[in-house]
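Both complexes shown next keep chain A, but they swap its partner, so chain B is in the first and chain C is in the second.
And then the complex of A and B:
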């Protein structure tokens, strides 16, 4: 017997309008979901626009990718030195590491002072905002431009490289340090103030010792970044070290085999540094 | 006893301090870095900067050219980060502790991400220069690969942090792998993942300048060109436009982050 729709709905809910006409909404469209959708849409549109407007210069995409894979095969499977010996390469690697060390140390010393004044619980809000804004402005200029700007008056070389690279280290570490100072329990500072401790005593006896471990861990993370940066500065801004050799191999000698050796050396050091910073991070957290 | 403890502490700090001093002296001699020259050059650089490094006069005529290159660089950075995010999400799901398919694939994807991350973007740029020449694609692929390595690690950590309890609970109800991933893990972590992508775009714009100088494309190349012609007014205009666009994008992404929460 065929029961028509009207009759069925009368049967089920006593003559009221039939319910469940459409799918139940599982998730409501809240503001945050809308923001996520819009962001993803914007990124997708910009990506497509980017691909349409790129300056391709008649490069064949597929051919290029295939030849890149072939180049990688050469780099990773047949590394061979040509213009310098292994000991020279390791010496240059040490030069690059030294650049990283110097930059990190200078950055850490300056950032320690800036970080104390940028922490809202240790200084007033005005000073903190000024320092934070200043630091954000420094970070907006890419490192390589800082190095090149300083190179005009200091000459291309390690001095310009270290000064220019220190800018970003200072900026990064100031932010990290001030955030770890702000984590300190407000009660500790209040208790010490109540005892009549001076500001310097609070900083040296309470703030620094309790955040020392996280300071060390942040500094080492920055050192890891600075190693990569100093490789890049060697290549792009005449800072010397292994990056410069790599740039010469790529731009002048067209020697992929030697680039392979350099890539392996850099990869080993970078992985070692990452492993060490992971160990330090775990030790600090526990 | 107490004096002994304080004494020990002081000696300990003294030892660390001495080690740091030795390391820095060693580094200075390795890189031929002199503190005197460093201190001498900072005031000189500031003086020179105020004297020469500002946009003036005819440099504004180059603004359309600069803005065109800036737009190209911004689009490359965004495209590299977005496409890399798709690949990174896949690798992160493979490699994450809670969503891995099996141990072999997890180790493999972690290894690949590790290698890609630890090779600096400058190396990628120099290698890709061989096959793509001075086109935008060199910069695009260099940034893509670097973004991929970084985002995979960041996504993996986010997924590990966000989803472990939920995934366990869902697994206990008998949900299959795909419903755990698509109904729980991704919806829960999506705002943090997008936040990482936005961060990556900011990083990419800075890196794009470096890649541009190395490979001769985009805004980095334009800066290099003016810089080598000693046209400092025009190169300062390039720096200024970069700073403005980076600060602007930082503001936009902070706004989006707040809206997504």
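And then the complex of A and C:
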């Protein structure tokens, strides 16, 4: 070992005295890095243990995979409508889309105000921390659970879906917005204060124009999420729309052909949304 | 000549350890161009910000237009004070995504009710005034450009325009040329000089370029570790004074000043 090291340092230093016995570390091991390593290790062990102790009794892996592919083939290669017409499907798709738009809109409007008061550079530290803590708590519970929680009082259906989805959107967007506001240079706020501008004037004249692009892109990301969630809510919470049709096809009629049509429709909408968000962002930026 | 601004035993402690200003006293006459020089960390920025209350001094009196600004508690009185004091910054501090025109008009916000200002409504007279000021600063072709498309020198001129449209009595400049190349620096300093001599606006400018300070100012205030160590004519600033302001590091001093007037001529 010692000889080996000696030889290596000779190569590096061209025969000069060896300064470095060990390899040079790229980063110092900090507490957080150690925590990350330990977590990764624990997860790896759990995965291995999991696979070893799975109950495989009646499942033949190969057969399972084969039949999954067969189903995929039915869905994607042979789409066909059965229980409703294309125009009905598109109408249901619009219902789902509206659910996404409505909840994003409600979320965005309320989150805009909460975000302003949650931004440390615009608000005081106490208020900011209270709002941030509160929305973090809300965000920790998944959207679907919020819908089910509100379903207790509102009953399963669109009302619970709207309230639950808006609730989660508010907390998500509040965090995103307040972080966008905090990116604004402190000097700019200082300069406007120095001109005698009031707090609301600074918010409207400096903070909002500076963060407009990122507000729009966060809102759009949330809209894409909400569109996906509203498809799921149609099935899980009986909120109606295309998700409900999909649920009926998969669980009730077992009609994979019709599911294929719905899947393609959703795919088209998702791509359209992506395209629109790009367009809007470019427009705002220039 | 009338005294516009007077510091009386002003001190500022950020916390127990950091004393940014201690027992600072001086006065500034109307229409003077005063340079405040000193090494980094001496307290120059703190001093300027105490005047328009972006920073609250710990003790002492700052008399502006015969009133102690430290006694102002009322929000609207504070806004009224700040409209009379323009300020420009090393990093320009513009709203980069807005146009030059909008940034200049921000200087009028202090005069407006919260709602009108927040919505960005400005009168035709204000817009005309903004255009006039931009023309006088040679920015008439950039009026509708976004500020992030401008060069540093142009941005600083927008900053000056935003301060001028306030119709201030005093202009505070915190290292206005520290991020600029020599030729833009000269343009900005010439503008400050012109503002002082033609508009009669008092100018207080923080500088760390000693040669520039000596060349442009009517008076120099040297501060070191939060204390005023020199207050007087630029011509009578001796090597000893300079050493007192910048510390005893001879090597560094030689870099800063050899033949101040000559060096300044070049930029």
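Assume the second predicted complex is superposed on the first by the 231 of 286 C-alpha atoms of A that agree within 3 Å, B and C clash if a C-alpha of one lies under 4 Å from a C-alpha of the other, contacts with A are read in each partner's own complex, and residues count from 1 in each chain.
What we mean here is this: a contact is a pair of C-beta atoms (placed from the backbone, for glycine too) under 8 Å apart; a residue touches a chain by one contact, two chains touch by 3 or more.
Treat the numbers as computed from the prediction; the structure is a model and nothing was measured.
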Given the touch rule stated above, what does A:51 touch, chain B (first), chain C (second), both, or neither?
first
Where does A:142 make contact in the superposed view: on chain B (first), on chain C (second), on both, or on neither?
first
Identify the partner contact of A:190: answer first if only chain B is touched, second if only chain C is, both if each is, neither if none is.
second
Hey, is it chain B or chain C that touches more of chain A?
B
Between chain B (first) and chain C (second), which, if any, makes contact with A:159: first, second, both or neither?
first
Go through the superposed model and pick first if A:102 touches only chain B, second if only chain C, both, or neither.
first
Just to be sure I read the superposition right, which of the two partners does A:134 touch: chain B = first, chain C = second, or both, or neither?
neither
After superposition on the shared chain, which partner residues are touched by A:198: those of chain B (first), chain C (second), both, or neither?
second
How about chain A: which of its residues touch chain C in the complex?
185, 187-188, 190-198, 200-201, 203-206, 209-210, 212
Can you name the residues of chain C that touch chain A in the complex?
52, 54, 75, 78-83, 85-87, 89, 91, 93-98, 102, 106-107, 109-112, 114-115, 117-120, 159, 162-163, 166
Help me check something: in the complex, which residues belonging to chain A touch chain B?
31-32, 35-36, 39-40, 43-44, 46-47, 49-51, 53-57, 59, 61, 63-65, 67-68, 71-72, 75, 94-95, 97-99, 101-102, 105, 136-137, 140-145, 148-150, 152-154, 157-160, 162-163, 228, 231-232, 235-237, 240-241, 243, 246-247, 249-251, 254, 256, 259, 263, 266-267, 270-271, 274
Which stretch or stretches of chain B touch chain A in the complex?
20, 23-24, 26-28, 30-34, 37-38, 41-42, 44-45, 47-49, 53, 72, 75-76, 78-79, 81-83, 114-115, 118-123, 126-137, 140-141, 190-191, 194, 197-198, 205-207, 209-210, 213-214, 217, 220, 223, 227, 232, 239, 242-243, 246-247, 250, 256, 259-261
